[in-house]
Amino acid sequence: MVKYNTMENMICVAARQMEDGSSAAIGTGVPTAAGMLAQKLYAPNLLIFFEAGAAGPILPTMPVSVGDSRTTHHSLLASTMLDTMEAGQRGLLDYTFLGGAQIDKFGNLNSTMLGDDYHHPKVRFPGSGGANDLGSFCWKIMVVTPHAKKRFVEKVDFITTPGFLSGPGAREEAGLYKGTGPFRVITDLAILDYNNPKKRMQVVSLHEGVTLEQVKDNTGFELLVADKLEKTPPPTDEELRILREEIDPSGFIIGRG
Amino acid sequence: MEKLKVGKGELFMPYDADESRHFFKEKNKKLVNKLTTVPEAVEKYIPDGTYIAVGGFGGVRISTSVLHEILRQGKKNLGLSGHTSTHDCQILAAGECFDRCDIAYVIGLEARGLSRVSRKYFESGKVKFTEWTNAALAWRYKAAAMGVSYLPCRTMLGTDTFEQSAAKEVLCPFTGAKYAAVPALSPDVAMIHVHRCDVYGNCQIDGINISDADLAKASKHVIITAERIVPNEEIRRQPWATTIPAWCVDAVIQVPYGSFPGCMEKEYFSDEDHFALWLKKEKDPEEFKAFIKKYILDTKNFSEYLELCGGISRMNDLRFDELLVNPNTK
Amino acid sequence: MVKYNTMENMICVAARQMEDGSSAAIGTGVPTAAGMLAQKLYAPNLLIFFEAGAAGPILPTMPVSVGDSRTTHHSLLASTMLDTMEAGQRGLLDYTFLGGAQIDKFGNLNSTMLGDDYHHPKVRFPGSGGANDLGSFCWKIMVVTPHAKKRFVEKVDFITTPGFLSGPGAREEAGLYKGTGPFRVITDLAILDYNNPKKRMQVVSLHEGVTLEQVKDNTGFELLVADKLEKTPPPTDEELRILREEIDPSGFIIGRG
Amino acid sequence: MEKLKVGKGELFMPYDADESRHFFKEKNKKLVNKLTTVPEAVEKYIPDGTYIAVGGFGGVRISTSVLHEILRQGKKNLGLSGHTSTHDCQILAAGECFDRCDIAYVIGLEARGLSRVSRKYFESGKVKFTEWTNAALAWRYKAAAMGVSYLPCRTMLGTDTFEQSAAKEVLCPFTGAKYAAVPALSPDVAMIHVHRCDVYGNCQIDGINISDADLAKASKHVIITAERIVPNEEIRRQPWATTIPAWCVDAVIQVPYGSFPGCMEKEYFSDEDHFALWLKKEKDPEEFKAFIKKYILDTKNFSEYLELCGGISRMNDLRFDELLVNPNTK
């Protein structure tokens, strides 16, 4: 068995979550690596959209920007930002991958600011970009993030992107589309989902060598646990080979793990 | 019936359809030669206080030469549309040129990391800001391009992003569905870098258009920088490739490599070393000041900047990068 | 002096109405002929838009459809219908040329139906097409039409396209843009405008050999008369030469006069 | 506050965002070979009662072969979007194929005159109709393409066109301005003729696009006829030329001269003699019946129709017409 780091593990786990024949709006970094790996192994028909306007590329290497010319490489379409966003708004986009500085138990994400005064933030982050858009439109929100107490918080300082907001029914009440919302969270410790009536984050699978205690210790809110707790299979040799040789040979992303 | 929510953010650019229509009525529609220089265009169209928007996507197809000139001329109190504003925001923040910003995405440089200087500027209290999303800002341009004062969309709802925006909830008169109404945004000036255009400003863009066709139509004035100027006949040969027509455009400047260090489809890839240099220099305020002085303030024009960054030889490498060609293998 | 027919006269008169440097959304037939003549003689910088998506063409010959490839001939733009319409909506289009089966004293136009029951028309016409759109958006509506009592009626059976609706202020009250509305009517007998406080159609110029009585007799409503009634100059030799030799050599339009 | 007006026309295709989103979620997104035949496509996607929309502009870039096949298969009770529907409407009216129509422009053939047969059909009481404008129908497609249930615009206001439409007045939440809200229109099936596409349905269109990019996105199913099928690699070489992507498309058929007698940018001009023949035949009901029988009902396919209309020699002439070339002068 080949050794692997946490970044490689997260990418491999993420790559296995996408159904073949589905579509995904992905960002640079981990999402692109996961999307490329998924296409090569599990979802050859995964249709990739980038928020700046490209769709259906044959990705030669990792883009640095969701708008750079890697995203249009041999793509089927090179269009507009609204073309991608409107495809999402009319229901065409299955998955999106998002991140953030904070996430709460309902999957709400903060990538805007830390502090309690919007106009005088302790720390200011970039803001939504397309995150709120894709998190509002896409059917299933995937989050890939390192697991840490300061990230997994009881209440995010700012809801940049909607998870289940205040709980079951809140998205629909807010005016968001039916059937959309947080789907899975993939961390360096576990796979989590929201597949319970409370729409709260729950552990469903522990990565190799990780204990439930460890996950709870790194989570800043009361974590639910699925009835049947699985073990995440570690990255296969093939996954790692493709990831290292074909997808990220320069270690741009996996070097951070 | 529940009360419809109203974002409490400041609307920096209220849209008045009649005023806007009158402006476009009076705008020149003749085919006149609009060639000028970057300093003249900035001098003429961007007085202090102007609300500007940058085409492209932060580090992709941006009008770097115009942004540098804004710094060089020491413009102040600009308004900025932060529709994925990465390196553009970074340049303008370095000069503290703007004091209000509609934010969708600023400070960050996508996968490259965050700009310390931009972050500090946004945390300094010197900038007023209102929150949006990329799509919301793109639809705000779209509304102005359509000539309507708002568009309904289903983003931002239920979040603090909405709360800190200047959007308002509305109900669909047919289905009763709740929408976020976003107000039209008509920037005073848009600066857009394109692959080619004629002297009248008829532009072609290869690759993704992002929001630039809408932005050009939405804006009161448009400054075009182009990799190359082409004869009008070339535009007329394939009029369906025209993405920005002359009647939107006020100034045309030929600026080869004009998106550097940003990427330009089929021309050159982004210079990641140079982006890294910016981020490195930002770690030390004094070094950064000297860097900006040397590379921007003390250079006469964009060509001098390009020379400092490696000149034609470096541009040649970036062309190989863009085309995924390794010049060392046959 | 070269002889001319009524169609030729109307086209020449229409061509003289457009300011240089302005823009016009024009349809096939008389409007295109007038636009081409205007470009060649009076408004070389007239920017021509077609509602189906072309703009800034160098017209080689008369289009049959506002969407055919004559409209895109060496044009600056070949885009979408909404691109033209939205240019109009944001105030970019100065003139439009419209027609119809009926027009009333406020310049309201009917190209939809005759009769008093919408669902059971005596005669059904094509409907608005882009007429209502352009008549709502453009600053100045020009109408070119033969003068006849059954066309110039007290009340149109159906307001397809807004003139001044019920009179001064009615367009604005209806929600239409300020400062827009009917501008001139060019018939085989006279030039008419609405340049009075009542926004009612008035004769401003009589064509060669036409009396005011004749115009009134062919009008089905009370016609106002401008304080100073002009004489319309007849087509010049040059106008006729260009029209016959360069614009409509096959007599497609001028053959109908 | 004054009462907002509501058009009293029937809304033939109410739009349900959730139902529509679910449909697009389930729609195939894989790149599969979608080549089929015109009869199979009509058989499969256009059962009686289907609401259809035709791309192009009535006599420009229309899907004539599909329209003929609808007649041949004797389809009934279709719904029709009359977004400048000229020769397309004329064909469908000849077969009395539709019984409801959203009208912007029907019956007429622009500068060519009016179709008696179409007019009589619309006057017969056999067709229900609701009034719109070209822009209103185009924005209705646009709304569905955007995934929103309505768009605001400033057309139709104050007129009987509005009164007989199914639009509703709304007020802008920012400016208080009055707008006509037009409801999203998502046709069951769109048929669009394009210059070229690959077997997956990625399409390129030269010349004006009219409303076809929006129409393709708005429609549940899309049937593409193309002048020629090209390799997928050709599409990927210039992805910014893709105007309709594969994920919108269900069926692809190669039909050269497929817009005949309509015009096709840079390929062939409209056959004005043939249009005149239609209008002439319409003057006598018996002659017209025989004409339709001979030219459409009794022909096996579109190639046979083209042969009756002069075959390759005639097509050659129309290509000269299109290119403004006189073959008799050097």
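Some notes on this structure:
Per-chain residue numbering starts at 1, and chain names A, B, C and D are given in the order in which the chains are listed.
Methods note: contacts are C-beta pairs under 8 Å (C-beta built on N, C-alpha and C of every residue); 3 or more make two chains touch, one makes a residue touch a chain.
Here the structure is a predicted model, which means the values were calculated and not measured.
When the interfaces B-C and C-D are ranked by C-beta pairs in contact, the top one is C-D.
The geometric centre of chain B is 40 Å away from that of chain C, both derived from CA atoms. Centre-to-centre separation between chain A and chain B, using Cα means, comes to 28 Å.
With each centre defined as the average position of its C-alpha atoms, the distance from chain A to chain C rounds to 57 Å. Annotation for chain A: residues 54, 72, 78-79, 82, 89, 137, 177 touch two or more other chains. Shown for chain D are the residues that touch two or more other chains, namely 17, 146-148, 153-154, 177, 179, 207-209, 240.
Taken chain by chain, the contacts fit none of the simple shapes, being neither an open path, a ring, a star, nor a full set of pairwise contacts. Residue ranges on chain B touching chain C, taken from their complex, read 17-18, 20-25, 27-31, 144-148, 202, 217, 235-236, 239-240, 242, 245-247. Within the complex formed with chain A, the chain B residues making contact are 56-61, 82, 84, 86, 103-108, 110-112, 114, 119, 122-123, 125, 128-129, 131-136, 138-139, 142, 153-161, 164, 169, 177-180, 207-211, 213-214, 263-266, 269-270, 272, 322, 324. If you check the complex, the residues on chain A that touch chain B are 27-29, 51-54, 60-69, 71-73, 78-82, 85, 89, 108, 112, 118-133, 136-137, 158-162, 165, 170-171, 173-177, 252. On chain A, the positions that touch chain D within their shared complex are 21-23, 45, 47, 54-56, 58, 72, 74-79, 82, 86-92, 94, 137, 139, 177-179. Only residues 11, 14-17, 146-154, 168, 170, 172-175, 177, 179, 181, 183, 205-209, 240 of chain D touch chain B when the two sit together in their complex.
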